[in-house]
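Below: a set of structures, written as structure tokens.
Paired with chain B in one complex and with chain C in the other, chain A is shared by the two complexes that follow.
On to the complex of A and B.
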């Protein structure tokens, strides 16, 4: 039997990254994710890697770009306002086609906001993480086990599609402890990094990592080539969990910690005779549009439950495409919705059907 | 079966330790467990609390509005969480520090002067472990022997002096 360890979500991310061969970590402390840096500082020297506390988030993201350009598995982590500071660097990394991992353990915003859990960086992660035409692979764990397994998956996907990936967690997942089994997730085949700027040794033509193209036609071509990879990702890598959707009159849509609150609510609602299910997007980009479109043919209504004022609900509406009504319930600013609130919102909706 | 618990008190009383020990024991017993701490200013003193769930089923929400068990180690925690305890639930109060009784008739209240007992027995700082012993006595959440063994095995060799103190504290609470 595999040995389970009780770990904080933040620690599980760090350990999984090291187990996945990450050798460079660049960070700058911010609650509620500082345990990632702390863990890396302790462990990296022991595995021959590097953990560097940069002078700022901006420095850390640019160090990450440098490390990723050499073909090394590298990452940074921060929380909401810190990710905003990294925005320029993330766009450069996307423009340079560099695989790496960016972790956002979200807290309440806008501004300095608060330090309690939030999901209000959904737009930032899936829409506006940097300037220009770009996408990130965005994975949303909902348990400490997934904090580990999706960290490994994010590194693999980043390498396969040669692009940056983001793990979008929140303060509750970062701080809570659950048993983790580090042997429970598979590793994928990843391509050789023939593009890496790791020294020619006189054996090949030089590699250039660059995001500057003065000729608009050349730039357009690089962007189009990148979007072909994005299209493959959308076709092959959409991940989601369906829970009790088969006979559901109402489908809740929620990711991360909120999905777990919805599962508890579903148990109570089913006991009260209300047929409710859950669609939990695991990849926020690419978003599970297709399955939502199919569910729209079977169910009567959707309720998007989020720790924000309603951001993912836009994607749910796009996917459902007017076939069925899409409603929203959320708490924000660091408030975690209670099971009772989700039960009562769903009951209100059920009465209108 | 699912048991939900809130441990609450002041920073430094070992609230997080108690919660973690419950979660760890549950994990060793092959149960599903979650441990959700309060974080932020609490970590630097002031009030501290954590929520622990031990279950045979998959655990949905790790946060709990109405716990089965409340462990209160100071008055503000008692005042805040006592009204929230589920009907039929149990509260454990450190009666050395909480000079108040529960007025609720739908819950069981267990009063144990844990801090006083700890001080009288050369176990200052082990009031939380004394309460753990009492929980094992009053509920059937874990077997006393098994819990003690897991607790002892989680103490590193460099801190072997703590083994006897923990055992003694558990025993004091269990037999109170």
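On to the complex of A and C.
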């Protein structure tokens, strides 16, 4: 492949997964992420991998569980309503401590919603993707390059912490095209999968992958051990980007495509003499609460900008902890906020300071 | 390129993401620049792509007095690949004097041409095959040829010309375009089609004509196009 290639965000995810050693893809078509399946269908046979179009999202997530249990790098992808269907399987995967990647290229909801882009699955990804005490690693790319690099990172994190990871993108990122450099991101050391159910070969005891624990105390201890790993993640793996926050009176908080829109708005606002910066969470879980708490000591107000009715704003408020006012601006239903709208909302807020 | 004496129907096809929409809209705008009187239609026949499509450029087209023909559900919240009845009229050549440019969905999205195929052949057509070296699945002449075979199989039509639209989007340099000249020639030879032009976007790579001269490509035909892709930020 040429050093730089021009790709759709969806294709970049698929190619990065293959480049990261993913050999099993299970999917079911849904706009706006179908290019992931299409690309996998073309490329997987050429690298000795498997692309399987399942009979439903539910089937796909359970196939993913089986493949992940063997220690193979495996993934599934869908869009919002499809992820809802997968949620039971995701909980089982978390309960079995299986590393794998689940991609959500979000569209409008609730219900069938629509095919236009959205970020209204923030709660679903960071709170309610499955029943039980569980967390997912949630990474939010903001460019086609990051669709690739964070796919690779998600596989590594999943292996290191032995848990499922989710790439939370949106339809705009999935469909838009930008150049990608596949040599630009580093690979991390990952542990050997001694737990994998990949055959005893007469050399070791049985490995068991399971989420059922008959004794409640054993289940509690298992969940507690899992939460110790979650705590390590919160300590070591928080990722975010700070943009012009040093002297900012207002800090916009936005992830994914919305962060790109905010950056253009900041350029305009700075030209108009308004000091605005951006905090872009890259990991939505673990959420960058420490840096937001620190920014709360320096800035005057926050504005959470989202393609939803306001979901991440809750986490911003928890992180800011009442130190400064936290405001919200969003569009939903598949409507993408424009640069002009963000500029005008920020100006209105600036006038009140 | 398209001239007033071209066939009535000028189809733009290719691998998805090769820049078909940009090329189709610019072919229409270019034709308008050269011929003020002619009736020009630009039709969005994309039944596979949910967001970025000719429908986005409807205003630009109308301003240039090009008639856009847009599917009813383009850019809505549903995946309904229905096309307006006017399309059939266009395929049958009922639009007196009109030259039409047809933007077709990527790869097997060209299946949409199948149902019009008999009329398209009667009315007369050119089919422009748009290629981009920087798209990973069409990065070499063999893959370009196989993609063309797929398009021809589902559409029941033959590609007649090649346009080299090799680009890295906003990051494209003049050298990136010049680097694709040999590729484009090899693709044209593999497909057995004439290479019509190399496109470049003056907004991103204004020095393309200079670089072509310096690198010995002075005789290669260049086509300056405007980026009409919808901008979100």
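Everything that follows uses one rule, which is that the second predicted complex is superposed on the first by the 351 of 353 C-alpha atoms of A that agree within 3 Å, B and C clash if a C-alpha of one lies under 4 Å from a C-alpha of the other, contacts with A are read in each partner's own complex, and residues count from 1 in each chain.
What we mean here is this: contacts are C-beta pairs under 8 Å (C-beta built on N, C-alpha and C of every residue); 3 or more make two chains touch, one makes a residue touch a chain.
Every value quoted in this text rests on a predicted model; they were computed, and no experiment measured them.
Once the two structures are overlaid on chain A, check if chain B and chain C clash or fit side by side.
Overlaying the two structures gives a clash between chain B and chain C.
After the superposition on A, what does A:267 contact: first (chain B), second (chain C), both or neither?
In the superposed model, A:267 contacts chain B only, not chain C.
Contacts for A:340 in the overlay, against chain B (first) and chain C (second): which applies, first, second, both or neither?
After superposing on A, A:340 lies in contact with chain B but is clear of chain C.
With both complexes overlaid on chain A, does A:42 touch chain B (first), chain C (second), both or neither?
second
Under the stated touch criterion, which partner chain does A:178 make contact with: chain B (first), chain C (second), both, or neither?
The answer is both, since A:178 touches chain B and chain C.
Is A:108 touching anything from chain B or chain C once the two structures are fitted on A? First, second, both or neither.
Touch partner of A:108: chain C, not chain B.
Once chain A of both complexes is superposed, is A:11 in touch with chain B (first), chain C (second), both, or neither?
second
Count the residues of chain A touched by chain B and by chain C, then name the partner with the higher count.
It is C that touches the greater number of chain A residues.
Let me check the overlay on chain A: which residues of chain A are in contact with chain B and also with chain C?
Shared contact residues on chain A: 4, 6, 31-32, 115-116, 171-172, 175-179, 257, 260-261, 263-264, 336, 339.
Using the touch definition up top, name the residues of chain B that touch chain A in the complex.
20, 23-24, 27, 32-37, 39-40, 58-63, 65
Would you tell me which residues of chain A are touching chain B in their complex?
4, 6, 31-32, 115-116, 171-172, 175-179, 257, 260-267, 336, 338-340
Within the complex, which stretch of chain C touches chain A?
Contacts found on chain C: 16-17, 49-52, 76-79, 132-137, 139, 167-171, 232-233.
Help me check something: in the complex, which residues belonging to chain A touch chain C?
Per the touch definition, chain A meets chain C at residues 1-2, 4-8, 11, 15, 31-32, 35, 39, 42, 108, 113-117, 171-172, 175-179, 257, 260-261, 263-264, 333-334, 336, 339.
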